[in-house]
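See structure below.
Every chain is named by a letter (A, B, C, D and E) in the order it is written, and numbering of its residues begins at 1.
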Amino acid sequence: MSEVAAFLAHAIALEAEAAERYDELADAMAVHNNEAVAELFRKLAHFSRLHHAEVKEHAKDMVLPQLKPWEYQWQTAEGPEAAPVERTHYLMTPYHCIHLALQNEKRGHQYYADISYKTNDPEVKRLAKEFADEEAEHVVMLEKWAANIKAPEPDWDMDLDPPVVSD
Amino acid sequence: MSGYSVSVALTGSGGAGAMTAGQILLDAASKAGFYGLMTRSMGPQIRGGEAAALLRISTKPISSLDDHYDLLVAFDWGNIARFAAELPLAANSLVLTDPEQGEVPEPIAVFGARAAELPMKSIASGIPGGRVNMVGLGAAAVLIGLPLDSILSVLTAQLGRKGEEVLAAATAALRAGAEAAAILPSVTKLGTAPKDGVVRWNISGNEAAGLGALKGGIKFVAAYPITPGTEVLEWLAPALDKTGGALVQAEDELASINMVIGGSFAGIPSATATSGPGLALMTESLGLAVASETPLVVVDVMRGGPSTGIPTKSEQSDLNIAVYGLHGDAPHLVVAPNSISDCLYATQWAVYLAEALQTPAIVLSDQAMGQARALIGKPAESPYVAKRLVAEANIENYKRYALTASGISPMAIPGTPGNNYVADGLEHNERGTPSSQASDHQSQLDKRAHKLDAFDYGDLWADIEGDAEIAVVTWGSATGPVQEALLRAKAKGINAKMISLRLILPIQPAKMAAALKGVKKVLVVEQTHSEQFHKFLRAHYDLPKDVAVISQPGPLPIRPAEIVNRLAAWK
Amino acid sequence: MTVQTPLTHQDFKSDVKPIWCPGCGDFSVLSAVTKALAELGRPREDIAFISGIGCSSRIPAYTKVYGFHGVHGRALAIAAGVKLARPDLTVLAAGGDGDGLSIGGNHFMHACRRNVDMTYIVMDNQVYGMTKGQASPTTAPDWCNSKLTPEGTGISPVEPVRLALAAGANFIARGFAGNPNEVARLILEGINHPGFSLIHVLSPCVTYRPEQRDWKQAVHASDATPAQLIAEAMHRLASDDGFTTGVLFAGNRQAFMPPRRNLATIADLERKFAS
Amino acid sequence: MSGYSVSVALTGSGGAGAMTAGQILLDAASKAGFYGLMTRSMGPQIRGGEAAALLRISTKPISSLDDHYDLLVAFDWGNIARFAAELPLAANSLVLTDPEQGEVPEPIAVFGARAAELPMKSIASGIPGGRVNMVGLGAAAVLIGLPLDSILSVLTAQLGRKGEEVLAAATAALRAGAEAAAILPSVTKLGTAPKDGVVRWNISGNEAAGLGALKGGIKFVAAYPITPGTEVLEWLAPALDKTGGALVQAEDELASINMVIGGSFAGIPSATATSGPGLALMTESLGLAVASETPLVVVDVMRGGPSTGIPTKSEQSDLNIAVYGLHGDAPHLVVAPNSISDCLYATQWAVYLAEALQTPAIVLSDQAMGQARALIGKPAESPYVAKRLVAEANIENYKRYALTASGISPMAIPGTPGNNYVADGLEHNERGTPSSQASDHQSQLDKRAHKLDAFDYGDLWADIEGDAEIAVVTWGSATGPVQEALLRAKAKGINAKMISLRLILPIQPAKMAAALKGVKKVLVVEQTHSEQFHKFLRAHYDLPKDVAVISQPGPLPIRPAEIVNRLAAWK
Amino acid sequence: MTVQTPLTHQDFKSDVKPIWCPGCGDFSVLSAVTKALAELGRPREDIAFISGIGCSSRIPAYTKVYGFHGVHGRALAIAAGVKLARPDLTVLAAGGDGDGLSIGGNHFMHACRRNVDMTYIVMDNQVYGMTKGQASPTTAPDWCNSKLTPEGTGISPVEPVRLALAAGANFIARGFAGNPNEVARLILEGINHPGFSLIHVLSPCVTYRPEQRDWKQAVHASDATPAQLIAEAMHRLASDDGFTTGVLFAGNRQAFMPPRRNLATIADLERKFAS
């Protein structure tokens, strides 16, 4: 990727996808009465939105390419920081939540690090490096956070009650 | 409230284990020699939704939930507003809450019951592997006076195979809850368990219906899953497999009912189970079963309607479609169990009747009976088993639809030499050849109506209790509250007779007239919005002038107090 | 013991006179069925012949076996019930293109998939005969003689054999009513092949589709041996003109039949409720 | 018999052309200024079966077949036993037979009518291209006093385009028959045709229902053919095509009813037509229309039941399924035309009601009206056209199922900005979001029942004629014979009131009470085996103590004489 | 006149919170639908989204367009009615493998054949989620976790895309919920392709089929350009493993739509009755 605009368009989408996914997960947890994790996801969504705003700020005077969702050039199926839906569980604990976020941030870091390594465009290289560093900070922060959370009991996902049927 | 029972609700969400705790409590009550009943109410989420286990434990067999819960143990308050209406509390009820979960929310607070706090979550977290529901369960047991031993023995039986550790954790949590309960305000306590020597069964209405079908002789089931009928099938699938029968999952209800018709035509007693939307899809082919005189049984576990409605809640509003839902003049059987144990008897009887009368029988159960579990005395054996009037081999000029005195014609089963015939849903003559002649139509219509009308259904057509100038006429799961209400009314000096119809179709005018002899006033009790049962009674029976109706749609159950009040007001 | 003389195809004809229009292809299918049954050699009482509603669906009454003339579209479901409940019987089903592919399409698809051992004869005349000539799922899009679709349906017809293959049928053949002896052979092969067999028979409706009298010129026998692999059959059918007769596919999937076991008594099951 | 009408039956088989002759006779009667009615009866063969054209020609509008036929022209006797019961003859009736066809067979001879011979076949064969039915027709015209000119002008109009020769042959055969009739015994003759200046329509009930649907505003029809509903569709298919609408043939009735739901949801008034078996398949989705409040119309042209029954014969036995056939509490509309012309009015009204009330309406017609042709005065215009209460654009916080005073909520039509919502068959709150709460269920059940109950149906709910202490309560095609019977009874000094219900659902208790005021005795007249209408009346209305019932299944029509006799016996 | 800013996919999400289990693939399908609609660029009110009954069928309520949550199995019939009555609307339908292929199988087959211009998303999790995990028509024969078929169904699954091809669908694609952006593209292509489009989406049920979390490893994108001839598509699908994603077939049949004409008034029609 060699164009700054394209790079920023991706960065914006990356954060947007991450935030939306966190919102979605927060809602899902709330519906499943897992308020503690819902709140964490909301917080994570908030951070993603802050970053989203930051990146947008970078691009404010630029005309960005209007990419369709499937035109993004990630190596992954979704934006690198979007939490994989299938890695969630209604009984998941804050511990899982933070670790999930950590994985997301690590992928984010990897994404930017890759670009900064591979790109020939100096401006993109600079920005990618900057973003990668920022993601690295997030990783460190989340790692600290994770360290303070007690691991759940091994049977954290045990639900003695049967699933509900409806319709 | 009633003096011989205690009602407990356990609520919680997201894996708190309210249902499991309720289940253990019921099992323990059984172990300790009590009777009991448990229903449930749940949110729409597949997993982790809010759930309530609603129990009543008693020293006598019981047929209904009580008007109120004596004890509500709330593990948390997630979405409580959604089913607060199903959790009525009295002033002297106790709400046990976890202080971590905050204030008692408005929809519960309005009942004005007493409240007490128990830090269930923190107690549980102090125990390795400890779970909040076990803490609450321990407290509940102590509060209602259920021996802890009985719970421990259930735990041992159920958790034993999960290993020592799990069992130890549960036991510790249970004990911790029990200890903590010592300082809590008191709650109505259970009396002494009856030492009646009666073997207790712990069974749901849906399981009972499955068992009834099996005992009646059903060997082949084809079905399509639907809430709340699925559990009938879930019980039957392995049961049939083990006992030489078979259950097949069909592509839809049109297929399942026709597979059942095929199985029965082939000589094997056959059945299916469904709920309202599925029954609606079956009516065309039920007409075929009527016209072709093919016996079969459909268990309809009713849920809230119309349309997809409220799949997880109970209502009696499929009465109309069960009775009148077939096009043309299509006489058939409708049998309605009026208790969880009667789900067994009535279904078994329905199999017998369907086979004897070569006609389809609809068993109208409902979610309230089907998905509730009861502790009952082991049901007595019933003599009703499938016995079809079959044709011997090589009958000369065999007439499948011969006009006989009883209206029942010997049915040739494939494999029987010499009697091959073609069953037909077109109007036909005695041989089965299609005919549009007025005389054939008249005589076959007469025949099909007559065989049902002329049959002797004995006393089973209705359960009649008491004798008085007031009669409460009811059916199905509304019967339980009526029975309890009449007991209470009696205690207040109000006498009333109960007539609970088991045989909805065919109608029994002579028997009803006899049952209503001397009755001046009738109270009809049912769970529909449009008074379906009342209208049905008016259509087919002569009621006294003075008729009152309690007709309320689901999902709230009919409470005995409402009936008592109505009777008292009449007095 | 008396020696049983084998039954002839006449012994499989009943004394009920068909209401079919003279010239209707269904007469030939009836003759093919009775011939196949005579060759099969099972006693009449061990055969169950199930149908839906339509001209073609009247066929069971004209044979002398156990039969069920059910409601429109449900023949295969009844037939499956018969076979699943009584695996000892030989089960045939028959009906029209409307009965089997329009209202009965779901059971058709699932019968192919479920692969219960039975033989289904679709008497295809590309029209609803019984109800006075409406278009069926096999009718060409430009056939304008139905009052319900006076400008033609504008909808591509389905090819029953192709659909059956995609849905998983285990034996697929096509015959032409004008060649009843070949149809008889196909039916017998279908009966003898395990699992679900489809016999698609082009059976002219002389009343509403008189032009079908010309089918005689259009049909041609398949010159290939029956495909045994789905992929191969798919490939062949992709270029089929709809008039190739013969066995088109003979798969080797096992027929579906729940086992019958005796592992417990009802009393054993009841003990689980005692607490 | 009646003094103002003559009844003629033309029978024959295998292409004798009885139906064509009947059709020409009816057209000619119309040309000559008479009123009339023609039904038919046919064997099961697709082609060439035995057929009877059953006509009544009259100087006044008529609503029913007569008790007997004055003239039976039998081209041959093929399978006559099959419908002899449908051909009642009186002692002074005349049977006109062809000597070549042998003796008058037993089932006809039993009536004891006069017989005369006419060698129709040999006369016809003497004329190149001559046909037996034209010979018979000529004779019949002369016998009943219908001017031959009128027949000739019909022939010219119909055969003209087939060429001179055909027309000449027909004319010659007709004249030959007419001449030969001169020496035949006389038959009741038609009076003078009324010169009332009323434009005559020649229309069948099924065509009238199609026209009613179109005039009511139906623009989209999805349907699956079934006897005897198909002709409604056959009329509508080109009619919709020409007037900017569309008719689509669906794969089955499950598809057709759901396509109709889709069309209506999309804002286009939509309908389907079917018969009993098809209606049975639609009931699940009719419940969806009720719950989702989607207007639509289903015309059910009833035939003999149960199951496939007798597809070509009439019966009123789908009343039960139409009224009660939906699972759950599912209030909806059931409208029943009571004459061929009312097939137009009632269907048009049903479209209007369904759209106004956002609910499904079932129109219960039957084979006797649907497949009969009548000569009637051109129907007056009716003011009822579809008008739905729709939501304007961009309503803030739009609630599809808002609780309003009338119970009717403005419906947002796709394409309307800002009000997107999801229609649902699950119980829901006002917005349409699924809810299993007791309060939402109660209020939506109330709403759906209330909107129907509160609506003003005006006088159309029933046709009421006369005033007396005896009332004949009836519906649908049974009304015609009742009307005729009451005229005859009056002539005998017996007064009775007729109440013919057009609006079956929702029930109209206040209006019925008013109609029954002063009534001491009620005679219920209907065409079912199990007294479906009588039971329906009992269930929902207060009838006087003294109730008698004439309830007879198809295929024989109810004859006026039977009703007169019953009334006379009561006197 | 105010300038309309284009709607984003968020504008197509409603405020109703899904009841789906966290982790369910259906969340991603929802996201794909909203993204496709945003790219489509039509106003919300011009879209109708129809479903049946099942977990997946809850999807319309979570979008902000006109929707209909009908009864089990009938989504395609309602959707066809909407489009046939209102050709101006963009019509989507969605539902599960049970809704679409078991009880709804007949409408599926006939929708493919009828080729009304609409797009159908089958959210396939090879199980009945909503009713507690029974086998569906796409379930492997040896899956034993349903209480109704504790020994497995013993019945071969149908492959929806193959069936659709045999039945005549005009556009067939397969996607995987784990790749919602690709699914969005497929849906948009389906909408833009005339006639009936099937988007078969592998959408894991984490509750009853937790092993489907591993589908991520199994799916692979098709490397071929979409087949345009049925024969070619048949050939390719014959060897398909069920996990190939992308557009599998893009035919060129004309969409079905009865013409709307004004050739007569009702009064004109009435005149025919006057004699």
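By definition in this document, a residue touches a chain if its C-beta (ideal position, glycine included) is under 8 Å from a C-beta of that chain, and two chains touch if they have at least 3 such contacts.
Just so it is clear, the structure is predicted and the values come from calculations on it, not from any experiment.
Contact with both chain A and chain B is made by E. Across the assembly, the mean Cα position most removed from that of chain C is the one of A.
Each chain gets a centre from the mean of its Cα atoms; the one farthest from the centre of chain D is A.
Counting C-beta pairs in contact across C-D and across A-E shows that the higher total falls to A-E.
One simple way to say how far apart two chains are is to compare their mean CA positions; for chain B and chain C this gives 42 Å. Put simply, the C-alpha centre of chain C and that of chain E have 31 angstrom between them. Note: centroid distance chain A to chain D, computed from Cα atoms, is 68 Å. Look at where the CA atoms of chain B average out and do the same for chain E: the two points lie 38 Å apart.
In chain B, the residues touching two or more other chains are 44-49, 227, 230, 241, 247, 251-252, 277, 284, 287-288, 292, 307-308, 311-312, 424-426, 434.
Residues of chain E in contact with two or more other chains: 19-21, 53, 71-73, 102-103, 105-106, 109-110, 130-132, 137, 207, 258. Within chain A, the positions touching two or more other chains are listed as 31-32, 90, 162-163, 165-167. Contact between chains, as defined at the top, is found for A-B, A-E, B-C, B-D, B-E, C-D, C-E, D-E. Of all the residues in chain A, the ones that touch chain B in their complex are 31-34, 90-91, 153, 155, 158-167. Those residues of chain E lying in contact with chain C across their complex are 102-106, 109-110, 113-115, 137, 154-159, 162-163, 165-168, 230-231, 234-235, 237-239, 253, 256, 258.
Residues of chain A that touch chain E in their complex: 20, 24-25, 27-32, 68-70, 72, 77-78, 84-90, 92, 162-163, 165-167.
Interface of chain B with chain C (complex): residues 27, 30-31, 199-203, 207, 211, 214-215, 219-220, 222, 239, 241-248, 250-252, 254-268, 270, 284-285, 287-288, 292, 375, 378, 412, 414-426, 432-434. Looking at the complex, you find that chain C touches chain D at residues 19-21, 53, 55, 71-73, 102-103, 105, 128-132, 134-135, 137, 147-151, 153, 207.
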